[in-house]
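Across the two complexes that follow, chain A remains constant while its partner is chain B and subsequently chain C.
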Partner chain A sequence: MIKKILAVSFLNFKQGIRDKLFLSVVFFFVFFLALCVLLGKLSVGESEKVLRNAGLAGIELSCLILVVFSLVFSFYREKESRILEIYLSYFSRSQYISGKLIGYLLICIFYLVLAALGYSLILFLYNGFIWQVTAGIYGLFLKLSIAIGFSLVFSCLFSSPTIAFLCSLFLYLTTEAAYPSLKIILQGANQFQIIIYKCLYYLLPNLDKLDIKSQAVYGELPNLSFFISASFYGLGYCLFLWFIARLIFLRKEY
Partner chain B sequence: MVHCAAYFFKKRILNSFLLNLSGLAIFVFITAGSCLLENNFLFEKRKIFYVPPANYLKVVCGSFRSLCADLFYIRGVLAITESGEFKNRGDWADWVQKNFETALTLDPKLTQGYFFAGIVIVRDKPEEIKKGISFLENGLKLNSSDWQIPYWIGLNYYQAGNFLKAAEYYQKASAFSDAPQYLKSNQPAFYYKANRPDLGLAFLEGLAHSVKDPEQLKWIEIKLKWFENIVELEGKSEQFKRLYGYSPLNLEKLIEAGLLKEIPADPFGSGYYIDKDSGRVKSKVGKPTSLEKSEK
Partner chain C sequence: MENESSILSFRNLSKSFARTNALENINLEIKKGEVFGLLGPNGAGKTTLIRCLIKLINPTQGDIFYKDRLLLDKDVHEHFGFLPENFQPPANLSAQEFLEILCWGLNLKTGYIDSCLKDVGLINQKDKLIKAYSRGMIQRLGLAIALLKQPQVIILDEPTLGLDPIGQNQILSLLIDLHSQGKTIFFSSHIFSQIEKVCNRIGIIHQGKLGFVGSIKDFLDKHHSPTLEEGFLKEVEADDQKNTSR
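Moving on, here comes the complex of A and B:
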């Protein structure tokens, strides 16, 4: 069973990194790094910090677009070109979904490693490198793994790739602003509404809590217990989303 | 001729030639069009000097808050060069400060932002210095972990001539563990300028007890000696004034009046004298004589 899951995931990984989209995102990131250098030059007195910060934000955004776009559209391409039927004749539905999730997590790691190398090189060249930024990239991986999980759920749920893509993207953006929004909403809410909103907030992924970009760029990091609990939360949430995606995929007819 | 053209069309030679020619013609046309638009229809661009409230930005930006702060920081740096866009210098200073205020509300650790908005754009006019102090005091509420902010407030008070306040903020700045040592040794000079050398003396005595490094202690003791002499001479000068009803013209008058046996040696070089304009005892700047001796 594990062999079959790994086979599907490696097929997805190979397909993902050979895709034109992967190369396009890499090119986009190279240009973004050039923009970061420019931003660093413009921010007199805080060049290194701005360079680190802009680079991390660029890694996050480019990787988000890569994994969400690539996963959603490859899922629908396989469905429309009947490759899915071939897959399902060799593998069970659970194995297919698990392999897809692991495959895209691997693509995410591969891209993050590539981007981190380019980013570190630029930081070295401009004397802005500190090792803490690599821990910041780990935080990004946890966030993106949840985004991959959501993309998989939406791909299984909706028949339109555009809707699945937009839902994944907007959910990511919503969870970014969830905490301050909750604080505003709670100001005028009654007890019942407070319970509902709080439940909704805790049910949605708290991506802002996994993000340590703003600390990492100053060379400050939370303690080890944060990393352990954040890893449990991120990967646990991803597992939960895999479970939902699997449930939907098992019940759908293709 | 017609046959020849038909032949070329048939062979698609003329076809592609004409296509390339039309491409070139379009290129020439758009270049000419651009020049025409620039010469005849270039409207004056109106800049909108608006900064969204930082509290709204906090909600919208999520975990990209720090990046958003960086962008406003860059906007603030660029705004410093835009003074020509404003008729009133005060409006320009407000515009620069608003950009930095937003940047610093989103990321209070952008220390250089306080410097630009609180020091760089502030000149020697009292109302501008006041604006700088107010900005930095608000900044101190946002970020209380950087020694530079109280130091810059002190610098503004120094510019404004409020030496006691300057000394107060220098003291706050020097209390930070990463603050440079000169902040501590600079404070007595402010007390002296504020006409309170006794406070400077008390400060230096306290400092001498807290320092263990022999090199630093040597410097502090020289300054302490200098202050003790100043305090003594100013006290005698005051006594002279009370006795004779006018200020002494020079220090020798104090010896003549029997108030002083001799003028003490100045550890900072060229000797003490009474400044005719202010009536205060001053010392010419020079190398400490005791250090010169030790170097020899």
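Moving on, here comes the complex of A and C:
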């Protein structure tokens, strides 16, 4: 069972990292780093912090586009190219969907490691490296794993890849902005509205709680218990999304 | 009455999509070790029947039996080799890599990869990326994938699609070989000469209904036709006339 899931993961991983999209995102990130260096030079006195901050934001953005776009379109490509039918004659639907999720988590890790190496190298060269930024990248991984889970759910749910891609992307952006929006809304809301807004906020992934970019940039990190609870939250939410995607996929006819 | 040597049985199988009946009351027995050819015009229901058999879609009514018991997903995963029509494997992998990962996942011996690739004539191109393969090579790779788990039943949807005459002959010879090894082969094709060459029995499907099931000789006798193509056209026309008169 585990080997079958891993076989699907490796097929997705190998295919994903050799895809043109992966290479394009790597190139995009390299150019982005060059831009960050330029921005750092323009910000006199704060150049290291700007470089750290912009670099982390670039890693998040590029990896988000990579995993969401790549997962959604590979799912539909497999359906259209009918290789999905071959996979489903080899593996059960649960094994396939689990393998797909793990495969894309592996792609995410692989890209984050590559990006972290490039980013750290640039920071070293400009005397801006602090080890805390690597913890910031771990926070990004937790956020992106939830984005991968959502992409999987939307891919199983919708028959159009564009809708699945846009839903995944907008949901990520919405959850990013959820906390500040909630604070503004709660100021003028009545008790009933407060309950509704809070329910909605806690139902959606609380990505703001996983985001430690700004702290990492200043070399201040939360304590170990934060990392443990954040890891459990990320993993738990990802498992919940896997369960939903699996339920949908088991009922679909291909 | 159940035939003892039946490996697959379709019983009262129907499938509807919205208001369209894609399959209507299909009853069919596939005998162990036979090559069964499914013939039908485009949209007749061949692929839908195959999809039901692979359990990609669920029939609206009726059941499929494998060795006299209800067909399970596990049977498909373990005993069925499948080649869909016009498929495209992952382009950024080589045939060797792709088959190796499948073998590893299924706990199969990797040594069998070479023998499969040799059988389909791809042994010399096994390290090339699949994106460099021609349509014919992809089709042959599909057959290698179908054979990898040494299945008891091989299901092929238009297996010679996109192949040149040499490639077609190669595949047909391979099917004859597999038949001689006792494999059961269920395949759909539009090419009558292929059906004539390899099939023990045929089934004619038209507008979701199975019109004729039997040997090629019986079919030709039924329509007093010298060729399978002529007989097929008569069968389809007769069926169309029957439907219009209703």
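As a convention for this text, the second predicted complex is superposed on the first by the 254 of 254 C-alpha atoms of A that agree within 3 Å, B and C clash if a C-alpha of one lies under 4 Å from a C-alpha of the other, contacts with A are read in each partner's own complex, and residues count from 1 in each chain.
In this section, contacts are C-beta pairs under 8 Å (C-beta built on N, C-alpha and C of every residue); 3 or more make two chains touch, one makes a residue touch a chain.
This is a predicted model, so every value here is computed, not measured.
> I'd like to know which partner A:V50 touches here: chain B for first, chain C for second, both or neither.
So A:V50 only meets chain B here.
> Could you tell me if A:Q15 is touching chain B, chain C, both of them or neither one (first, second, both, neither)?
After superposition on chain A, A:Q15 lies in contact with chain C alone.
> In the superposed arrangement, does A:L207 touch chain B (first), chain C (second), both or neither?
The first partner, chain B, only.
> Return first, second, both or neither, reflecting whether A:I184 touches chain B, chain C, both chains, or no partner chain.
It touches chain B, and chain C stays clear.
> Should A:L6 be classified as contacting the first partner (chain B), the second (chain C), both, or neither?
A:L6 sits against chain C, while chain B stays out of touch.
> By the touch definition at the top of the document, which applies to A:L39: first (chain B), second (chain C), both, or neither?
In the superposition, A:L39 touches chain B alone.
> Kindly classify A:L88 by the partners it touches after superposition: chain B alone (first), chain C alone (second), both, or neither?
Touch status of A:L88: second partner only.
> Which residues would you name on chain A as touching chain B in one complex and chain C in the other?
After superposing on chain A, no chain A residue contacts both chain B and chain C.
> Which residues of chain A touch chain C in the complex?
3-4, 6-8, 10-11, 14-15, 18-19, 81-83, 85-86, 88-92, 253-254
> Can you tell me which positions in chain B touch chain A when the two form their complex?
Going through chain B, the ones touching chain A are 58-67, 70, 73-74, 77-78, 107, 109-113, 115-116.
> Inside the complex, what are the residues of chain C that reach chain A?
Result: residues 51, 54-58, 73, 76-77, 80-93, 97-98, 101-102, 104-107, 142, 145-146, 149 of chain C touch chain A.
> Within the complex, which stretch of chain A touches chain B?
Residues 39, 42-46, 49-50, 53-54, 57, 173, 176-177, 180-181, 184, 207-208, 211, 213-214, 217-218 of chain A touch chain B in their complex.
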